[in-house]
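Chain naming follows the written order as A, B, C, D, E, F, G, H, I and J, and within any one chain the residues start at number 1.
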C-alpha cells in the first residue's frame, strides 16, 4: 500500500550543532534501513528547501504512522500524508505495492 | 532530471460525454507512450480525487513543458511542478535520472 | 484500515431537478449499501453545509478510491482523504478496523 | 449532540522531558476517562502527525468547551470544532447521540 | 444553545430577476419568522458584502441544520457554523440560551 | 455603531503564571466594565479555543481602537474587526446601536 | 469616519458589451458624484488588475453599506472593508474625517 | 523602474477556437513589440502552466497599468505585480532600469 | 508615484520595554519627518491591530525600499507593497503624485 | 536551464549583530561570485521586504540545490523554486540558458 509523504524540516536555530548532527546521522541511518527493507520506496529532496517528497510502501496505516513518528527528526517536521491508488493509465505493474 | 508533477483535473459538467471519452482515451494513450519511453516515470492516482501525482524524467524544462502542455487534458488541469534533487540519504542509484 | 473522508457537494445551479433527484436517490442507495456491508462506517452531515464527514473501513487504498469514484455524486464533490492510525490513548478495540 | 473535533499538538522543543511525559500521562488518563463515560466517542491518530481527529457526544456546547479546555495539553493544541447533524442517508441509529 | 453562523450569498448572474426577487422575499419572510420565534437571535449585514453574520439559538444541531438548509437561499450560500460557549467574563445572563 | 470583533489569544508558554493570572484578572475586570457601560455588547467563547467572538457598540472607529488596544491582553491577541450594518430582514430595532 | 475599501471586479465574459459599457458608465458617474460630495475620499487603481483601493468618509456603517451596495458594479465585485482609526504618528489633521 | 509581473491565463472552455486563436495572435504581436521597445524586459513560461513570469521596465505605474490592461488577454488573466528595487548584492549594472 | 503599503508590527514579547519605547519614538519621529516632506502621504491605523495602511509618494522603487527598510521597526514588520495607478473615475487631480 | 527562485529571509531577532553581519557579508560575497560565473543570472530586491526574486541558470537540479543550500543564509530563508521554460512569444534568444 503506497502513501505519498511530504516532509518539511525546521530545526530550532539555537539547537546545539553536535545534537543536530547526531540527530541527522540517526535520521539518515534509519532512512537508509527503511529504504533497504523496501518500505521507504522513494526519497527525493525538494530543490531549495530542507524538505523531501517520499513514497512509502507499508501493510497498514498503523505501520506507516509508527515509521514516521519514529523518525529522529519527527518532532521537527511538518508531514502531510496522501494515500495513493493505482492509476488506470499506469502501465508498470512493479509500481504497485507487492504487499 | 526529475520533476514532481501534481495534476488536478476538472472537466466541465456540461462536456459532451463522447468528447470527454475521446479526450480521456487520447490522454491515456499518450500517458502510456510517455511511460514506455521512460519520461513519465511514476503515475499514481490520489485517492478520492480526479487527480494524480507523477514524476517525470526529462532533459530540460522546455521538454517538460512541451510534454505537459501537449496532454489532451491540459486545458482542464491545474498542474504544479516541483524540481527534485538527489536526497543525501537516498541509497538507490536507480532513483536518479540517467539522462 | 480506516480513512477519514470529507466530502463537499456542489451541484450546478442549472441541473435539471429530476436529474438531480435521481442522482441523489442513487447516491443514497449506494451509501446505505456501503454502510450495511461495513465499509462506510460513519456518515455525518456538517451542520449548515451540503457536506459530510465520513469514516471508511477498507482493505486497500485502491478499494477506497473505487468506492469514492463510483459514487453518483463524485463528479460534483470535492473530497479530502486522511488516513487514520490507532491512537495510543484510544481504549476501545472495536474502533479499529477488523480487516 | 455530536461534535467533530480536530486537535493538533505542538509542544515547545525546549519543554522539560519529565514535564512533557507527565503532561501526556495526565492527558491520556483523562482521555480514557472521557471515552469510558461516553463523551469522547471516537479518537483517531492522523497518520504522520502529532494530531488527532475525534468525535464528542455532549449535552451542551458549554460542556464541550469545559472538556476541551480542561485537557492538560489544551495550551499546546490548535483545536477546530465542527457541529455534526444527522445525515439523511445514515442508516445506523446508534450513530446518533443518545443524549 | 448558541451558534455563530456566517453566510455569504452568491446568486448566479443570469438568474431570472423575478425568480431572484421571489427567492429573496421568501428568505426574508422566513428569516423574520425565525427571529420572531426566538431561534434566529441576531442578524447583521456585513458592510460592503452580500453576506450576514448571525447567531442562532436552537435545541440541537439537527434543528440548526434543518433551519439553515431550509432557507430559500441555501443553495446559493456558503455557510460556516461556529459553536459558542459562555464566556467566563460575560456578565449578562440573558446572553445565554434559555433552552 | 456596531462592530463584529473576533479575538484569538496566544500567551507565551513561558509566561510567569502569576503575571498571566494578573493579566487575565485585569482583562476580565475591564471586559465587565465595558459590558456594563454598554459598549461591549456581546461576548461569547469560541468552543474549543482560547478565543472569543464579540460585538462592540461605539461612537467612532477611534473609540473602538482605543478600547481594543487598551485591553491588557492586546499584545497577545490577533484581532479581526468587521463593521456591521443593519440587515434589511432584521426585525428587532433594539439590535441596532442606539448611539 | 474613514473606511478602507478594496474592490475587485469580475464581469462575466459573456456579458453583452453594450450592457457592460452602460454599467461602467453609471458606475463612473456615481463614483464621481460620491467623490464630489466628499464621501469617496480616495480612489486608486491597483496596477495590473481590474481592482481599486479606496477610502470612504461616512457618518455611519449603514451609510457605507448603502453606498457600496448601490454601486452598479456591486453584483460583480468582491469588496473587503477595513475600519481606519487615527494613527498616533499621523501629523496631518485634515487626514481625519470631519464628520 | 522594474516590476515583477506574474500572469495566469484562463480562457473560457467554450470560447470559439478562432476567436481564441485571434486573441493569442494579437497578444503575441503586442508582447513582441513591447519586448522590442525595451519595456517587457523578460518573459518566461512557468513550466506546466498557462502562465508566465515577466519583468517590465517602465517610467511610471500608470504606464505599467496601461500596458497590462491593454493586453488582449487581460480580461482572462489574473495578474500580480511586485515592485523591484536594486539588490545590494547585485553586481550587474545593466540589470537596472535605464529609465 | 504612489504605492499602497500595509505594515503589520510584531514586537517580541520579551523585548526590553525601554528599548521598545525608544524604537517606537524613533519610528514616530521618522514617520512624521517623512509625512512633512511629502513622501509618506497617508498613514492610518487599522482598527484593533498593531498595523497601519499607508500611501507613499516617491520618485522610484529604490527610494521606496530605502525609506521602508530604514524604518526603526522594519525588522519587526511584515510589509506588503501595492503599486497604485490613476483610476479612470478619479476626479481629483491632486490625488496624483506630483513627482 | 532557468529557475525562478524567490527567497524570504528571517533572521532571529536575538542573533548576535556581529554574527549576523558576518553571515550577510559571506552571503553577499558568494552571491556576487555566483553572479560573476553566470549561474545567478538575476537578483532583485522585493520592495519593502527582506526578500529577493532571482533567476538561476544551472546544468541540473542537483546543482541548483547545492548552490541554494550552500548559501550562508539558507537556514534562515524560505525558498520557493519555479522551473522556467521558453515562452513562445519571447523574442530574445539570449534570454535562454546557453547551457
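Basically, a contact is a pair of C-beta atoms (placed from the backbone, for glycine too) under 8 Å apart; a residue touches a chain by one contact, two chains touch by 3 or more.
What you are looking at is a predicted structure, and each value in this text was computed from that prediction instead of being measured.
Trainee: Looking at the contacts, which chains touch chain B and chain I alike?
Mentor: H, J
Trainee: Fitting the CA atoms of chain E to chain H, what rotation angle results, rounded to the nearest 5 degrees?
Mentor: To bring chain E onto chain H, one rotates by 145 degrees.
Trainee: Which one, D-E, A-D or I-J, has the same contacts as B-J for more than half of its contact pairs?
Mentor: More than half of the contact pairs of B-J reappear in D-E.
Trainee: Could you state the distance in Å from the CA-based centre of chain B to that of chain E?
Mentor: The mean C-alpha positions of chain B and chain E differ by 44 Å.
Trainee: Go ahead and note the Å separation of the Cα centroids belonging to chain A and chain B.
Mentor: Taking the average C-alpha coordinate of chain A and of chain B, the gap between them is 22 Å.
Trainee: Where the CA atoms of chain E average out and where those of chain J average out, how many Å apart are those spots?
Mentor: 50
Trainee: I need the residues of chain J touching at least two other chains; which ones are they?
Mentor: Only 2-3, 45, 47, 61, 64-65, 81-86 qualify.
Trainee: Write out all the pairs of touching chains, ordered by chain label.
Mentor: Those chain pairs which touch are A-B, A-C, A-D, A-J, B-C, B-H, B-J, C-D, C-E, D-E, D-F, E-F, E-G, F-G, F-I, G-H, G-I, H-I, H-J, I-J.
Trainee: Touching chain H in the complex: which residues of chain I?
Mentor: 1-3, 60-62, 64-66, 81-86
Trainee: For the complex, give me every residue of chain H touching chain J.
Mentor: 2, 4, 27-28, 31-32, 35-36, 42-47, 52-53, 55, 82-92, 95
Trainee: Please give the residue numbers of chain G that touch chain H in the complex, ascending.
Mentor: Of all residues in chain G, those touching chain H are 11, 13-14, 45, 47-50.
Trainee: Which residues, counting only chain B, touch chain H once they are in their complex?
Mentor: Against chain H, the touching part of chain B is residues 3, 5, 12, 15, 61, 64-65, 68-69, 75-76, 79-81.
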